[in-house]
Amino acid sequence: MTNTPNSAVLLFSCPDRAGLVSRLTHFIFERGGNIMDLDEHVSKDEGTFTARISWQMDNFSIAAEDLDDAIRPMAKEFNAQWKIHLSETLPRVAIFVSKFDHCLHDILWRYKAGELNCEIKMIISNHEDLKPLADFYKLPFHVFKITRETKKEQEARELALLKENEIDTIVLARYMQILSDDFCTHYPRQIINIHHSFLPAFIGGNPYKQAYMRGVKIIGATSHYVTKDLDEGPIIEQDVIRVSHKDSVKDMVRKGRDLERVVLARALKAHFEYRVMALNGRTIVFE
Amino acid sequence: MTNTPNSAVLLFSCPDRAGLVSRLTHFIFERGGNIMDLDEHVSKDEGTFTARISWQMDNFSIAAEDLDDAIRPMAKEFNAQWKIHLSETLPRVAIFVSKFDHCLHDILWRYKAGELNCEIKMIISNHEDLKPLADFYKLPFHVFKITRETKKEQEARELALLKENEIDTIVLARYMQILSDDFCTHYPRQIINIHHSFLPAFIGGNPYKQAYMRGVKIIGATSHYVTKDLDEGPIIEQDVIRVSHKDSVKDMVRKGRDLERVVLARALKAHFEYRVMALNGRTIVFE
Amino acid sequence: MTNTPNSAVLLFSCPDRAGLVSRLTHFIFERGGNIMDLDEHVSKDEGTFTARISWQMDNFSIAAEDLDDAIRPMAKEFNAQWKIHLSETLPRVAIFVSKFDHCLHDILWRYKAGELNCEIKMIISNHEDLKPLADFYKLPFHVFKITRETKKEQEARELALLKENEIDTIVLARYMQILSDDFCTHYPRQIINIHHSFLPAFIGGNPYKQAYMRGVKIIGATSHYVTKDLDEGPIIEQDVIRVSHKDSVKDMVRKGRDLERVVLARALKAHFEYRVMALNGRTIVFE
Amino acid sequence: MTNTPNSAVLLFSCPDRAGLVSRLTHFIFERGGNIMDLDEHVSKDEGTFTARISWQMDNFSIAAEDLDDAIRPMAKEFNAQWKIHLSETLPRVAIFVSKFDHCLHDILWRYKAGELNCEIKMIISNHEDLKPLADFYKLPFHVFKITRETKKEQEARELALLKENEIDTIVLARYMQILSDDFCTHYPRQIINIHHSFLPAFIGGNPYKQAYMRGVKIIGATSHYVTKDLDEGPIIEQDVIRVSHKDSVKDMVRKGRDLERVVLARALKAHFEYRVMALNGRTIVFE
């Protein structure tokens, strides 16, 4: 399910009407593209059409850098939200962490194993603790200590560093600081978080404690895009695990770690393969 | 995991202290009981001891009707919450339904298949619709139509019927009326409901619609004891199923039906085998 | 995910080459069809293209009865395996059962609830036991007792009855007789069975006993097309459930019943919505 | 669920008879032990009683080194298989690996996070590749290259090293060599393997390829004790994940990695907490 070399991926959503798939596929075929994968969905309730199409660019008559211009008229005609991605242009990623290491371990191992179609450019933390792990994987590690007083200023420095390195995607791998609204607006639909509960249950702090107190029999984890509204962004992936009365809060934290890392990994894999569209506060995740 | 013939089950919870298991098991052994199953749990965080012990009564030197009196002094000594059940005394059950038939179908089929250790004495509904199903299983079916004006009076008539038939357990199998607080107080920890969401997410009405709007990737169902606080009673069992952007609200309702019936069935099975203790708003479900 | 009224579904598989999706979608668009759902898959390892396309027939310029002839030339050009289905033509189904009732209960309840896009025309059994259930749902129930001596003759009578009623799909809902090879050849890829193990583990008789003896921690059920090779046909759907040392063989049988019925139901749902293609002894199940 | 400091764990299995739990718990209580956790199981089919009891040793009147002698007479009286473990004596572990790193990464991370009650003393491999990972965790890494000719001699050297370091538990974390029967006899029920299939399906080599060819809809992983019969040892833990026609063999390998590491981790956790008894080729895993 990884991207084919020298291929393009189009994510396209618009009001439904007859002939959309035909128009889109014909557009690609006429220009010499061989469609590798096409998945489309029509929501009858909402009257929207959404598609993900990937094709090989080898004999495509439009150059990669002209793709946007070529598609724009058709997108305008259909009043579409859309995005085009090229397999050769990998997302440039910064991972934000604090002291918990399980998600970072997992991401870096998968990255090295070739599971994630991206380039991890740096790790940013508000603590020194995880530097040895960054060193093991030979990745830059930057520390920006955050206090209430320095937050604004430090975020500005972080943003400068990110811009300088042309970072386009931020992963919050159990980063224990809340990003300011201002920071978030620089990366719309480009910041991915892992929340340690089955959202929308147990919003906010200490969700495992909340879960224990409510006596649920299943706990979960949720990966979502970060928006200004805390824990309210579009959900990309979720999963759950059983707990029982034998599990203390500490046991739930331990079981949850296994969930968090795998849920975040699946969300990242989908995002980096351009299989996610966020529409109306929800996501469509093509398989 | 069904109850052994002529056996007793003790559910026992008290502040933890040394020697509790030994005292309890010795008490049973000295009186000629053969312990079939023992499961105990000590919550260190809360300092409580909880146990479920079942034993054969064949050679037990205390008569079934004297069991309560025999155990009471020991329970008092340990300041315990406790309950004793006899395999020969089956719970007498009334099932409340409205128009949805999936949970009722499932319960009655399991009942006939011998999966549920109880006696289903009657089905009560606010509609006529499910009478043919009750007839198929040769069970009494009583209709109590409920309007805002008649609710109080009808509940009184229901209670009279329940008392007359010595009903001790009520199952709300997608019963679409909210029982009054007064009604509930007659059956503490004896009314079991199935809620069509993964509580505490999506409390209240139309949870599948809520789930759709939030864009969750997993939906659930929850079986719980009914208390005065709607959807807040101790949770007995939960389970979940994956959904995707391809699932409309209607699809979620359909998938949810499969969850609801199996979650309710598991909760009932545990309850009827005396494997559930409710403590501090949560349950311990012995396996 | 149910079929749209007055729609057609094309299942199409052929050696991969450029332009296939474009050709297929353009073919439909030019003739006035509005594509509702398209899912396609290219297996690079095997070099095959497979697609499922459904479209509305309301303004389609080709009549339903001429569809086969219209598509044949294109299918021949691409050397395709293919099938076209019309939402208005429901599969005509016979269900074979013996004494176990859980799968039959489940199928009939779902059928009545509108979950299965088919017409159940009759129930066939080698025993009288489940007649009351057929009566409840007002479905014909035919008994063909089978002994070693009468098998051939009885199968011939069954086939005659099936032909007479134009049955095109047979569901073995825990039917405890093995159909003869000859019988099977009359219904290629049209007989669906539920096997009570996670195939290919525990092929043959008494799989729960086998699972108990091996000490597995998970048991399963498998729904598959019936071929001449027992338990070797293409798998449509599988699912599993946890067991532990506490589960006796009898407990596994009980837990397995819940699996069997849901796995069979999912397989039937997919089959009746024309979402299954069997190729090379495996299936592609479009979602 | 981790072991309590200064506690003992007794695993005890014998033919069932009346009074066993009472005798065992009274034995502990009389000597001043406070039972923390007791789980017992009676298999009626096989007539066997099995229990796991853990208790605090703080005020126990028998010294740790005399425990075996104290329990032996009672075990003999009941004809029991049994083992006593002390929380203060951690298993001494060697991990065998080849080139795959996912299980080793996972074990070492969990070990450092305090999830595994053991002492990992060394990593043994037939290749150099994973040395940097051992270095990161500051663990000795020994290479024993194996060829058909040198196998016997190298195993002898390995055994000498293991004995010298008093290793009592061996973990095969995707070790790609088959241990000789002779080697295995030195560590009965003390070698734990992870097999990359849902045993007993797909025994032997290349199980993901086998699974792909059979067209299963679910793949699994199995952790088991190693016996002389390849892939036939008692199963400790299993888990599964869904696959579809979209998954190539390579995708299954990737998905399987996530399973393998978590299944092995759970098996190790249970083993190191003395929650596993192997009896008659199966295991009892106390929860």
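Chains here go by letter, A, B, C and D, matching the order in which they are written, and residues are numbered from 1 within each.
Note that a contact is a pair of C-beta atoms (placed from the backbone, for glycine too) under 8 Å apart; a residue touches a chain by one contact, two chains touch by 3 or more.
The model shown is predicted, which means the values in this text are computed figures rather than measured ones.
Novice: Just to be sure I understand the contacts, which chains border both subunit C and subunit A?
Specialist: Correct list: B, D.
Novice: Comparing centres built from CA atoms, which chain ends up most distant from subunit A?
Specialist: B
Novice: Once you find the CA centre of subunit A and the CA centre of subunit B, what distance in Å lies between them?
Specialist: Measuring from centre to centre gives 41 Å for this pair.
Novice: Express in whole angstrom the distance between the two chain centres, defined as the mean CA positions of subunit B and subunit C.
Specialist: Once rounded, the distance between the two centres reads 37 Å.
Novice: Residue numbers in subunit D touching 2 or more other chains?
Specialist: 41, 244, 246, 287, in rising order.
Novice: Taking the touch rule as given, give the residues of subunit B at its contact with subunit A in the complex, in rising order.
Specialist: Within the complex, subunit B contacts subunit A at residues 41, 43-45, 50, 198-202, 213-218, 220, 234-240, 244-246, 248-249, 281-285, 287.
Novice: Of all residues in subunit D, which touch subunit A in the complex?
Specialist: 1, 101-102, 105, 109, 113, 115, 132, 136, 244, 246-247, 251, 254, 257-258, 262, 287
Novice: Can you check the complex and tell me which residues of subunit C touch subunit A?
Specialist: Of all residues in subunit C, those touching subunit A are 18-23, 25-26, 28-30, 34-42, 287.
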